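See the structures that follow.
What follows is a pair of complexes built around subunit A, which joins subunit B in one and subunit C in the other.
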Partner chain A sequence: MAASTVVNGLTSPNVSNADAGALAEEQCRAAKERAAIDSASRLPALAWLAGATFWLLWASFFGLVTSIKMHIPWFDVRVIMELGIISTLLSVPLMVLIARSKNLSLDAKIGFCTFAFVAAAALWLVLRTWVFDIRWSEHGGAWQTFGRTRMTHLSLIGYGWGTQAGIAGILWLVPRLSRTPLIYPNALIAAAAIWNVGIFAGVIGILAGLGTSVEWLDFPPFVPPFLIVSLAIVAAWGIVTFTRRQESHVYVTLWYCFGAMFWMPWLYTVAVIINIYSPATGVVQSACNWWFAHNVLGLWLTPIGVGAAYYIIPKVIGRPVYSYYLSIIGFWSLALFYSWAGMHHLIGGPIPPWMVSASTVGSMMMFIPVIAVGVNHHMTMLGHMGQLRYSPSLRFVVFGAITYTAVSAQGAIEALREFSEVAHFTNYTVGHAHLGAYGFFTMIMFGVFYYMVPRLTGQEWASSRLIRLHFWLCSVGIVIYFTSLSISGWFEGRQMNNPDYPFIQKMSNELPWLICRSIGGAMMSLGHVAWAILFVLNICGVGSRREGPTFFREKTSAEVEAELNGSTATPAEVALASR
Partner chain B sequence: MDRTVTLLLGITLTFASSWLGLVFAPYVQMNNVQPIKGTTDDGVEEMYPRPLEGEAAYGREVYIANGCMYCHSQQIRSEHFGNGADIKRNWGVRRTVQRDYIYEKPILLGTMRTGPDLANVARRWSGQGGKDWNHLHLYAPRMMMPGSLMPSFAFLYEKRRITGEPSADALKLQGEWAPEPGYEIVPTPQAKALVEYLSVLDHNRIMLPEAQE
Partner chain C sequence: MADFIVYATVLGSIVFFGGAAILAMAWSFRNGQFENFHKSSRSIFDADEPVGRVTDRFPDAPRSHGTKNSSSEASHRS
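And now, the complex of A and B:
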């Protein structure tokens, strides 16, 4: 292992056990300092996270609706809305009774409330169909046509959930790693408010028919100013915090966060000008569109996700990252190559061939940062996989970190012309998109929040069962989602490339896979509901006050000892890192 | 402080390089592409491409507002790409190139082919017959194409009680799609504009020299 024993920005010299006493004191001081820093981050970080969680639910709703509409084109959303509203009305009185009961455990209460809701929904379904015979007027409305729900889903995923979740993480990570309490909390809360007003206006706009049909920039033209102002506030805050930092060592997570905060406002502003406000000529728009859309993924969501994993993994298992040098290589090669890769979305399209070639090279070079990050994350975990049984944060983050390696390898191959000939224009891309944006980014962010929120609110998670449910619904859901679309997409591509294969046949072959996608997506959405319940309960102070982290189950003392023996880190290092 | 400078400089330079390469360079290279004179299939000489006007331009807005792009691409790929299937499937007669798109704001290349490519849909559904087909297809895709996954755009049409003579533009719907007796389905101005757009949507009007392979 490299000589470096850097644990999340706290450089500790290699110590013998004799120094343990001094270290314990240092550890106590550091813990107090972290607690003070966390308490300053509390409101802004939770404000952004609340927004993120709210829009995640809506994004899932619109994703699910979009998905169902692909295999049932006449599906009417109003039926779900009616079902939701009526079952809520019917079940709320019961839920209040259950919640007030004194002899039930919290898990049992959550279980019974869920049951009450499902029973109410089933009852209403029976009543409306066979007793009242309710029928909605035909053909839904313009607002719920596929194209608009699709734009709403992606906009909410990108800006409502992804970006806000990322900023919530940044607002907690950056002060910790800079060892300065968060400054300008009110400006950051105002930024969150501006952002959410923008998102709300944007969603209404798209549903009302003002969407722009520019992928990843679908919001109507009155929305970007809100988002730009808000991003600018966050970026300015980032720069000031960085220059004020007390910690001279810049831990790799901080590099990633700082890069992300700096790139995103620039990207977004340029893209909005060239694509929305004063569109350039013809395919220049496409070039800019995909330069932007690709970089939102690669230079905004990815660095936050990768950076956060760099923080959480060593923190939870109490070991320094495997190699400091690899982490530097990973960061700089990402910055250089990823930003060049955007044109691989246009392979075969009407743009100059040199641009596609440049991006294919960029995509191939991406193997460097991906391998660097992968080796670093996975080697740090090696020998500590047992910890996945206990720590929810670790479980989500490691799932995400493994997926990152997988999705990037897949992406690099998709950027090859021969592969793109088949996979482009099919659901294969959508599978990849969800493996990345969901399996990697979203899962890592959940892991971060399981670690972060209790430290901000001082409140432990109300139910480890619900966390487990969240994990399994989301992870099994995304596996179903990804597998079915990848299989389907590959066949779609092969069949479309065969000019004698009837198009309509290709379309009906997709059906079973699209239905599987809806099932996987429904599981993911349910998982998000579980997350939202946990988050709200935590904010409302339900559950025990925080003493130690919530584990799926407690470690026995023998297990703790075995871990220490198996680890190369000294007990002092472990203690230092494990808070 | 030296690290701050390295970091700032590094992330600015790496990023600026891609901006220069992928946004600024194409801007310089392509922003001034001009229309040229050519001969259409029917032997007419004209400037190509021409900006859309009037009803067709409005129809394009309807296309944008309803996200048709998320199921339909508008680009024909080279005959050496993907088995040349785009052309063999009769979606176009030649690949599309930069010049074909110079008046499109926003450009609607698309990334998904849940439905067929529409770059040259006017060539397949032309004239009054094509327009009628498109209206019926937009209103009731599964009447025209059993098993179609395309959603119905019935909200672009209006159901009216027939007073006196039935309207000339009423849709000739059959079976389960027909309205009850005494009623008719007529296109709204939006539907008419959209169909007008589809009936002029043709990126292969003339053979461009740079598209020759």
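And now, the complex of A and C:
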């Protein structure tokens, strides 16, 4: 078949002259087509990704603050803010000097800049404590109480980071897989702007105390119209793109992306109506709330994450998915079973037991898609694990894909009544939530972006070391986070179920684990800073260009091959020479 | 009234989502999406990035890793 002959054509002597020429031409055409499609996606995808990265940093900040407040209740956020602002002011002049220096490598520059910042922070801490003797008159204010910072964290994670990261990925994946350049770029950029205005207003609203307290829909009532308009634009774009596709095969990733784009606007709009604008009353409201919160995870974030893995893994290692059949089964069973499972969040709550039972069954059925996806990804990777050392995207995506299986197996068990009796209302749930939203979704999205961004900007990543740092901080961070909360949560649940166990004792047992969580969370947050630095450097054009003289064109693989052989021949020459 | 809206939307959603899923599935059958899995799974590759081509590496990784396995895997079908 054509694909393998190309590679063989470069090495095997028995391909005819004309064949080699035609192949080289086809190769050029394919490379140009792909580059043209990528370049049409560039601005919209990067616009959404820039928003996502910005809010990721704030989400991590609020997560960390929330976490620290659980073991240092008098912790005052203003100290961090002051520290941040003053150390930035103190260290920026130094950083400019360092960045200008001609004889330092980029890694060294980043290292010195970091050092300058930390030194400035340390200096200010010493000055403010012992020299100026500054005290705050009171501890914080209502805006930085647990209730509001947690709401801010979750909203920023769900809408600031998660959704925007997902849309950025979709805007690159869908045109590529449909083989048609992205249309209406300006509408999509406008949608990103509307979205971010909404998020900004929402964060201010929550911190000002206007949050709705409906989990996953915490933004004040003036925010949803922004988000609905924006989602509607993206969905309309999706439908038009689907009708314009040039590729007749709808690849499994496309199924997931189109499914997600179709479900989310509808879900969100309905959820806002029945929870915020015309709220259902009493117990019914909690059912509506969790119908939405569950589906936003399972029919929005999950399909994007799983779908992206189905593209990145085969594409990076250059091997089709192990079983396309299984991948299709996985998609359709997710579509059919996932939306039943929402009530497993309310096990033991005052809703009709049959609703919970139906959801438990739905959760068990989820083993089908999960096992299908897990087996498939594993078998695709088998024999290629070595590539994990060389490909940053693969590392993140495989980490996420493995976690997907783990978190789903864990979730199905959590949906059993006996288990939930212990684990519900404890930190165990929070551990699961981060394993899913972070270990699975966020890690996969990082992997997608490590592949996507250089192909959009035509710019290589500035520093391998920083990528490695990002990976290790995030992966070790989430493992610490998850392990400590799972252990703590389980014992917490057992102790709470025992009426003879003193409640205060249970509380103090948790402390060391909560401190561990803050440590893990701080590592994750630092990893996000590393990612933000890499992203900004890439956008600013620091680092080596990806391609040769032609503006924005990917190397054809024949050129890469030529470079490997140390020559600078054109594809046609390579093809001829290989006869 | 509020309860009526809730039941209407929830039931409406079930009909809407379920109906859409069934229509989508019917479309895929008619359109032949379930027919040639071998080709579908290869639709993400092209002449320039064929099966067997490794397409990602750390920016400073030695070049040879990028394409190390290419020729041996081109013949490897799964």
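Rule of thumb we're sticking to: the second predicted complex is superposed on the first by the 519 of 579 C-alpha atoms of A that agree within 3 Å, B and C clash if a C-alpha of one lies under 4 Å from a C-alpha of the other, contacts with A are read in each partner's own complex, and residues count from 1 in each chain.
We adopt the following convention: a contact is a pair of C-beta atoms (placed from the backbone, for glycine too) under 8 Å apart; a residue touches a chain by one contact, two chains touch by 3 or more.
Everything numeric in this text was worked out from a predicted model, so none of it was measured.
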Worksheet item: Of the partners subunit B and subunit C, which touch A:82 in the superposed model: first, second, both, neither?
Response: neither
Discussion item. With both complexes superposed on chain A, which partner does A:266 reach: first (subunit B), second (subunit C), both or neither?
Written reply: both
Discussion item. Is A:291 touching anything from subunit B or subunit C once the two structures are fitted on A? First, second, both or neither.
Written reply: both
Item to complete: Would you check which partner chain A:496 touches, where first means subunit B only, second means subunit C only, and both and neither mean what they say?
Response: first
Worksheet entry | Contacts of A:336 with subunit B and subunit C, given as first, second, both or neither | both
Worksheet item: If you stack the two complexes on chain A, which partner ends up touching A:317: first (subunit B), second (subunit C), both, or neither?
Response: second
Practice prompt. Scan A:348 for contacts with subunit B and subunit C and give back first, second, both or neither.
Written response: first
Worksheet item: Where on subunit A do the contacts from subunit B and from subunit C line up?
Response: 250, 262-263, 266, 270, 274, 279-281, 284, 288, 291, 332, 335-336, 339
Worksheet item: For the complex, which residues does subunit C have touching subunit A?
Response: 2-3, 5-6, 9-10, 13, 16-17, 20-21, 25, 28, 33-34, 36-61, 63-67, 69-71, 73-76, 78
Worksheet item: Which part of subunit A faces subunit C closely enough to touch in the complex?
Response: 2-4, 6-8, 11, 23, 26-31, 33-34, 177, 247, 249-253, 262-263, 266, 270, 273-274, 278-281, 284, 288, 291, 311, 314-322, 324-325, 327-328, 332, 335-336, 339, 379-380, 384, 387, 389-394, 450-451, 460-464, 467-468, 543-544, 554, 556-557, 560-561, 563-564
Practice prompt. Give every residue of subunit A touching subunit B within the complex, in rising order.
Written response: 69-71, 73-74, 138-142, 145-148, 150-151, 209-215, 242-243, 250, 255, 258-259, 262-263, 266, 270, 274-276, 279-288, 291, 295, 299, 332, 335-336, 339-340, 342-343, 345-346, 348-352, 355, 358-359, 421-422, 424-426, 429-430, 492, 496-499, 503-504, 507-508, 510
Item to complete: Using the touch definition up top, name the residues of subunit B that touch subunit A in the complex.
Response: 3-4, 7-8, 10-12, 14-15, 17-19, 21-23, 26-27, 29-33, 63-71, 73, 75, 77-78, 81-85, 88-89, 95-109, 111-114, 116, 141-142, 145, 147-156
